[in-house]
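So, here come the structures, one by one.
Look at the two complexes coming up: chain A is in both, with chain B in one and chain C in the other.
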Partner chain A sequence: MKQIKKIGFWFLVLFILLLVCLPGIWIFVSAFRPNPEILSKPANWIPDRWTIFEFTQMFSIKGYVSVPAFKYLMNSIIISFFSTIIAITIGMMGGYAFARFNFKGKNKIFLGLMLARAVPGISLSLPLFILFAKLGIINTSIGVIIVYVAMNVPFTIWLTDGFFRQIPKEMSEVARTDGCTRFQAFWNIELPLAGPGIGAAAIFAFLLSWNEYALASVLTRTIESKTLPIGMMDYLDEFTINWAGMCAIAVVMIVPAIIITFMVQKHLVSGLTFGGVKG
Partner chain B sequence: MNRKFLSSPIILILPSILAIGFVIIIPLIFSFYTSFTSYKLTRPDSLYNFVGLRNYERLIDNVKFWKAFGRTILFLAIVLNLELLFGLGIALLINKITWGQRTLRTIMMFPMMFSPILVGFQWKYIFNDNIGLLNNFLYLFGYESAIPWLIGKKLAMGSIMAAEIWANTAIFSILLLAGLLGIPRDPIEAARVDGCNSWQVFKNITLPFLMPFIFIALTIRSLDVGRAYDIVHIMTGGGPAMRTELIWTMIARVGYKDANMGFANAMSYVSIILSIAFTYYFFTKLVAARRELGQQ
Partner chain C sequence: MANVDLKNLTKKYGDVIAVQNMDLNIPHNEFLVLVGPSGCGKSTTLRMIAGLEEITSGEIYIGDQLVNEKDPKDRNVSMVFQNYALYPHMTVKENLGFSLKIAKVDKKEIEQRVKEAVQILGLDELQKRKPSQLSGGQRQRVAMGRAIVRRPDAFLFDEPLSNLDAKLRTQMRTEIKKLHQKLQTTIIYVTHDQVEAMTLADRIIIMKDGYIEQIGSPIEVFNNPINVFVATFIGSPPMNILEAEIIKRDGKIYFELDQDVLMPCPESKASLLSQKNKVIIGIRSEDISPSNSNTSDEFWYFEKNIDLAEPLGTETQLFIKLKNKEIISRMYNPREIEIGEQINFAVNLNKIHIFDNETKKIIK
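So, the complex of A and B:
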């Protein structure tokens, strides 16, 4: 009886594991298969022809390029990188203020910032489109970076606030009585201690910028500023889809996200829970 | 470095408020204004054509809008509950495993890294009636007629929910697992000694302790409910015959396809209130649960 229970348990774990992983694996495999094979009926489960055609198409430097994925990748990297750096800097200052100071309306401002983040991208995209067009920053990386900074700031404040609270106030106070300025105490003591939490916040900010679609689809128009999620739509024609190409650009999009997340995944969870629970 | 720097909370928070003001508050004020005009993108001068509450009146009379609104509420209710349930189940399961727990936890985080647009495309591919993974799989077992997962009247909504749940259960399972790992052993053992069964232990000790974690997950999740737009947009575009039209896809259709900004902005306001209400509700619950746990 106990044996059966144990087998059932592991079977369930395996089933969930398959459910989580299989869609991704299928995309990955399809990225290296030629389109006719993907479209074959009945399905060809074990690929017998492998190809990197779609990848060479995307990244070819000379000649005809069907979808300029390299340019999209570069735009994505630039936009995600700068918006993350700026959002973390601004958000960290805010988080520090919420963790270390008492001031009037503190809780209300905190709640207000969080609620600002809840505004759905698609609802925000209409007025942003008009305003940015008037300001002349539509279809520029700068415009998208500004938007992502604002989207990422509230969540960064929430996370870093939790991490700064965990660091005893006394450490900074002692340093200051020894002659440090508040900034020196922050820079040399509190910042390194909050490092993992700031790393976690940075990953969340990066992932949001890297994966965002609703706003970018409106604010970016051409190859100059289109990011990967928008570029992905290039494989979608009115009636047909280039599945192999779609899968290939999906791989380009997901691999960096996975690598970066796994590097700091240990701190991700503690960042979310400590920041939330120990209020 | 200036001595004053880092000493004034207002100066520290100011950049955050400025960024949010520029990107979120000002556009929202602007769109609040346009929701009272007959503004059409194609006719810029219509921005000054004040129509009062007409857009909102049209909204109230619009059957399609209310259908989409009701569908959105139903969608969120089903999806959030199932995600919580599955997330809790997975967390309890992984919590029992001693060997390879960390690896499993890492693998479970996998869907969190997928862009919603990628999730939508991926499930569009899986649910494709002709070449999709699922129908090909069923074909192996003799189901030769292709099931129209995304074009069938009744199936499409369920297929979208499946994609949404796949993508977002991770946040629940990861956070609830963190909660489970933090539960002190003593009260559980004491309860066992006193003769409580597993269900009683779960209901009276584990669940109350998990409550703040559940509300953290729900708060974080409620911030991003609007991203379901990406998934629906890719998978069905609101079809077939508007049966998967959610409030967000309707905004995009009216705003960009029909270029009717005033009306779309009026709808946007309803969706914003919806999102903010969700977040506010869970956030206050979180604060309350935290306080309760602190007193124990």
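So, the complex of A and C:
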């Protein structure tokens, strides 16, 4: 009886796992086969013919060009990288300030930052579009970076604030009587101790920038600034959809995110639980 | 190597006064202990000297230099905290050398000075460990070592032993005292434990509600407390305090400690009490002890039933009641005591303390 229960349990786990992973698996499989096979009915789970045709096309190997995926990839990397770095730098300092200093309206400002996160991003698209158009930064990487920084800073502040709070105040005090300036104490002592939290915040910020679609679709127009999620729409024609191409570019998008997440997974988990207990 | 002077030092948090008009002169090489109940301003005072807390008004001098506007790093004082605050991501050795590294001291010199501190504190085998791999006592030692390597003008200790168990505390107490003799530096030490204060201090400062109640050597504050607060704070068990009516009979003055329990006033004090109706009497437990005789003039004798006895080995503490207040007496040659047993007590009249019942100050 116990044995049956155990087996039943693992089947259930497997079933749920499949359910969760199915779309991912389908994307991976479909990225490596031609379009007609994807559309065949009944669904063909294991491709008859494997091909990397779509990949060679989008990375213009052998002279084929369908979608300028390499350029999109570079845009995505540049935008995600810089928006993460800037958001972390600002957010970390903000988190430190909220954790360590008392200033007027501290709680209200903190609440305001959290409320800013509650605003649906898409509702800002039109105002942002008009504003950026007037400023002349529509369709530029810088414009997108600014928006992503604004989206990421509140969350980074919230997460790092929790981490800095858990470091005893005496740490920096003893460092300061040890001959450090306030900044040296922060840099040498508190920053390394808050490392996991900052790492976790960086991953969240990076993934958000990497995956964001709604605002980027409004703010980016051409190859100059389009990111991978927006580039995916290039496979949408008036009458046809190139599913294979779309899946291929999705793989290009997913793989770096998975690699990075696995690399810092440990931090991510501790980041979520550690920062979470803040009072 | 420096003296520390506080002039009219005040600290307020909004309307709350933490330290009020504190004047203090700490000569070089003194071991000064600030003691008092929590919230009395002792830690705040220490933190102001360290520069971690801003001063509302007043002046602080370290080695004749005004340091009011100086950052903690420029004051050349070292602080040891209650929770040690070792840098968890550094080894013991790195912890010890950190301040010198920040000061950009030559590497050889760092090595040398860390070695010195390691030897003084017996940390030889622990150098490569991280703080999480150390016991409480070892952490405390590293924290002290970190203070030593800087060769500061003054050491500031903020309740450094409160996190240790009783046995270790006694041991570390001795070590701190030895350290002071070895280093010959000014030490300002904050504690709420009066035993620590008594054993370590050259001078004790007893604080309450931001004010200094009394300054003096341990023996001085023990023998001559200036008010009821100091009397009950210093000494363990605390001094017995009794309110007493003054009764005049046959030209003599008596204190009525309980109904029909009259203690004669020592003649040396009689003239001070002519205007008084009521006073507060303080008697240390060692000055009320069981006695076989009842003849000496220096003593006053009374009989009472025992409520409770606590044998401690070298002595037994006897609990009796006067005016419904618990009084502790010490019996120095303990024998088996039965509850309810009637015992003859002797009070040393030369050792009683008489306080004003309104101002709570000593009458002398």
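FYI, the second predicted complex is superposed on the first by the 272 of 279 C-alpha atoms of A that agree within 3 Å, B and C clash if a C-alpha of one lies under 4 Å from a C-alpha of the other, contacts with A are read in each partner's own complex, and residues count from 1 in each chain.
The definition used in the following text is that a residue touches a chain if its C-beta (ideal position, glycine included) is under 8 Å from a C-beta of that chain, and two chains touch if they have at least 3 such contacts.
If you're wondering where the values come from, they're calculated on a predicted model, not measured in any experiment.
Partners chain B and chain C, brought together by superposition on chain A, fit side by side with no clash.
By the document's definition of touching, neither partner reaches A:85: not chain B, not chain C.
Superposition on the shared chain A places chain B and chain C such that, viewed from the Cα centre of chain A, they span 90 degrees in steps of 10.
Once the two complexes are overlaid on the shared chain, A:223 sits clear of chain B and of chain C alike. By the document's definition of touching, of the two partners only chain C reaches A:168; chain B does not. Of the two partner chains, neither chain B nor chain C is touched by A:77. In the overlay built on the shared chain, the residue A:262 is in contact with chain B alone; chain C does not reach it.
In the superposition on chain A, A:192 makes contact with chain C only, while chain B stays out of contact range. When the two structures are aligned on the shared chain, A:180 is found in touch with chain C, with no touch to chain B. In the superposition on chain A, A:115 contacts chain B only, with no contact to chain C. Set against each other, chain B and chain C differ in how many residues of chain A they touch, and the higher count belongs to B. Between chain B and chain C, the minimal CA-CA distance in the chain A superposition rounds to 8 Å. Touching of chain A by both chain B and chain C, each in its own complex, is seen for residues 181, 184. Across the interface of their complex, chain B is touched by residues 9, 12-13, 16-17, 19-24, 26-27, 30, 38-39, 41-43, 45, 90-91, 93-94, 96-98, 100-101, 103, 109, 111, 113-128, 130-131, 146-147, 149-151, 153-155, 157, 181-184, 186, 207, 210-214, 218, 229, 232, 243, 246-247, 250, 253-254, 257-258, 261-262, 265, 268-270, 272-273, 276-277, 279 of chain A.
Considering their complex, residues 50-52, 71-73, 75, 77-79, 81, 83, 85, 87-89, 98-99, 102-103, 146, 150, 156 of chain C touch chain A. Chain B contributes residues 1-3, 5-7, 9-10, 12-13, 15-17, 19-20, 22-28, 30-31, 34, 41, 90, 93, 96-97, 104, 106-118, 121-123, 125-126, 130-131, 133, 136, 139, 166, 170, 174-175, 177-179, 182, 212-213, 216, 219-220, 222-223, 225-227, 229-230, 233, 248, 251-252, 255-256, 261, 264-265, 268-269, 271-272, 275-276, 278-280, 283, 286-287, 290, 293 to its touches with chain A in the complex. Of all residues in chain A, those touching chain C in their complex are 168, 170-171, 173-181, 184, 188-189, 192-193.
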